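Letters A, B, C, D, E and F mark the chains as written, and numbering starts fresh at 1 in each.
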């Protein structure tokens, strides 16, 4: 049976292809995103409250290293097979080394709807995985130039809306605990999946608008946008098992690894590597990889996690 | 009326650099600016403002000819190569010219 | 006892007349409308899932014919009694032959609050009834001119936000079925009536803004805006009984027939019959007929349906 | 244990100080405010339905007199100790004589989360307390000048969004009664605290933006912004006991007295006393008093009410 | 084209006085106006439009020179002392000059 | 600066025809356009933008004099009779004149 949120995504794609005048006002998109980010953060925070953060330090370190590794895998492919300019290759590598919160939300909703347990504190790992690829991307584009204003870069990253709301939500959930958040559950938890449906409707519209661009940049970017997440998901799966996640948690981490950023990284690249073409990286991330992960990837990564746990777990 | 002439510089560019631009405009000696949201199409394709990332802004700066020239030179040097941006300017009559 | 949503409508009217600065931001209006449209669609779709669509084909055909008929009734009255220009008469006829989703929502809420059963799949008939009057209106204004770009007209109609969300919701509800939509119920179903209240608050503000215009166009348009829905509702009632709807369903169909469009039709007329004055048709539809139906019409149509069912049912 | 809504406020303050790009779109702020205002109004109205309004007349009169008194206390302090211009002193006095609905909402949420009973019909007293200080402020600035267009002033006050929604909500709640509002509860009541959390997030951002301004105006305004609410809260407590409120009700009335307006009064002053500097009064009200009341004042006023009731009640 | 010259007066000021200004502009003889939302910075500090209270509006009036002068004089007298406001004007070519 | 002169055509009209107009503007040879939302009042009454249907848009096109003239002629012919619309134009200095 189809989950209705997937149908909302398809509705958005079809409406976009059909050149419907449908669109979510950008302020509503902001509102919906805020609810999703805070909700994900708070759910994670509530779980964190139940365990010692110190125990999580190794997991966080491991995931951080994955975030450093992924762009190094992507860059040569983009630069030499794709013959992209250095700045573009570095920027796209950063997008794919980082994560998409929307993909995380869909993966989490998939687990919930199939009654599969997963570690909610993955929200914390989500934040950790968001950041290293940005740093690597800048270095790949510029070298270890003394001119890079790392302070400004770090501020750009941590002051971004996404990180503030996720981290803020994590801390609020962590301090408040399960009973504390009870009174704000109706907005942040009960409405979560409906908000995710609206979000996906708009993402479908956005994805369909990228198709014209994709045509222009040709086949390589499409192949990369499908192959790269598959490779990343395998690494994510391996890491998930290694750090002791459940099957569901492993699949969600694989989806995170497979996901490509479309908010934090483009914003950071625009500031730090402005000569990279944002149209190109967003076409790949929003036009290929996000739809692929939502429609095909997530169930696949779950099968992968099942198999891998049976073999190695 | 006892008007005086100033230059109005209008910049249309990517929303994501709003804060940086505002700082730079002040730094170059303009005494104020006005910003509104916009969408549009140009050499760098369509910017539909459907989405935070995608929007344009329209910045107006009323200033002296010298500040205007400095501003245009600065923006041209720093942004024209990598950012969706157009600039145009013309003379306007202002009241309270001391403000500009 | 007064239903609070009616009080929200009255609050909007009074606030408007009192020249309050109250207004719903247009983006919030969009958000609220989207929730209502998707919700109505999905509720209808879930019901459709329970029966064969083929069985509904005759109902759809009958309703389509009603939609063709109504503007032909309205046009001569507007043209000859109201002495309106041909384009204006045709455009207003199209408005009154088509439907208002807001009126449908209020009628449905009325039935729910009084515990009266009605067929939720009327949402499908709502979409069917929305369209034919637009085509008739264009023909009435232009004749069967070869110049009319029917393809463009049809695209304009089907790509409109309202139809896309209603049809999209219908399909999502139909595919997902009752358990499928369970997880998005809190946003789309539980909040429905509160959202309808906000919608009616804004509609009250809009309606009161039309009063200045009404003064200008005089008595005819007010009389038409009240008489036409009464006539249409009788036809709607008859049709409801004929196609075998329940009492509640008959009353809702009567309200649909009685309702006048203020979104799809004005948009289509602006493109296809631009010489028709939109101020005039919207004054009638929003300033007279919508308030009349919400405040007086719907309970009346229910009484009518009761009587008619007792006599003929 | 920290109430999460307080944490949202702190998150807003920190995000603002950290110069994060986080902000609630103004249309969403409007939406959230509307829900809060209507909800507060309706809850109050439902309670009013249970008692005779005539019985409340003395309470309303007493609160009205408090609203007249407070600006007369504040004005000389501002004018002679603070050496402010007459218009500024009058305007700030009006802000502090009037009320903040946000503070009321936080106080009410505090009582609910601690299971303390309070009279919901205080929403009515909130409206009553909003108004007299505005009139006094204008008189303090202008004298009893014949030039003041009192009709326009009254229209400005009563047609303001806040008053219309609060009064509208009160009337809707009053007419509908507890069962009537049942169907719109999910939006207006269940989501209340989540909406309040978003509201406080934005208020934190706004408050932090006032800090630059505060630096400019120096220590006096900070001291006033803390001392004045303390004084007002004592008067509010005394009045609460005198008019027979419960402990919780007394504390909420004290919080109301201690709160400073940031919507209705600035709007009215901008029209009627335009030479008063709005930046100054809003820095005090939003940058000092609102945070003080939310973070420290409300629990304090509750302790005060407890003590006072033990002594005098 | 058979154009004619009119004056375009642009006013940037506080959103809270929109309704009053609109009335006054009509009262002074302008046949129309266009308003859009804006934010900005000037002598009276930053107006960020993050919040109802804080926003600016940008009003454009196409009119005859005389009406423009009257309008500027009126606004200068009534608002310049106490409100965040700038005004600038310049000539424009219009079609259908009878409309302005 | 090494500026050149172009024409800025500003069109204020009903929001509902945005997509059609954008297509037509491109079709007539303009290399870009900028759109923002507006509200206003004119001969066809008040357009308050409280509601989708009711809003205005403000379109700016920087172009050569010839394209500007063609654009004005086209819009006048097609829309002036039945749509709320005003058009005005004036010269502006542009940087990167090859873009326009």
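The definition used in the following text is that a residue touches a chain if its C-beta (ideal position, glycine included) is under 8 Å from a C-beta of that chain, and two chains touch if they have at least 3 such contacts.
These figures come from a predicted structure and were not determined experimentally.
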Minimal step count in the chain contact network, chain B to chain D: 2
Touching chain A and also chain B, the following chains: none
Whole-Å separation of chain centres (CA-atom averages), chain D against chain E: 34
Whole-Å gap between the CA centroids of chain B and chain E: 19
Distance between the centres, which are taken as Cα means, of chain C and chain A, whole angstrom: 41
Multi-partner residues of chain B (each touching 2 or more other chains): 36-37, 90
Multi-partner residues of chain A (each touching 2 or more other chains): 21, 25-28, 30-31, 186, 191
Pairs of chains in contact (touch as defined earlier), listed by label: A-B, A-C, A-D, B-E, B-F, C-D, C-F, D-E, E-F
Partner chain E, residues of chain D touching it in the complex: 23, 26, 29-30, 202, 205-206, 209, 213, 262-263, 266-267, 270-271, 274-275, 278-279, 282
In the complex with chain B, residue positions of chain F that touch it: 1, 3, 6, 8, 22, 26, 31-37, 62, 90-96, 99-100
Touching residues (chain side chain D, partner chain C) in the complex: 25-28, 30-31, 34, 42, 155, 158-161, 164-165, 168, 171-172, 175-177, 180-181, 183-188, 191
Chain A - residues contacting chain C, complex: 1-5, 7-8, 11, 15, 18-22, 24-25, 27-28, 31, 109, 112-113, 186, 190-191, 193-195, 197-198
Parts of chain F lying in touch with chain C, wherever the complex brings them together: 14, 16-17, 20, 44-45, 48-53, 55, 81-83
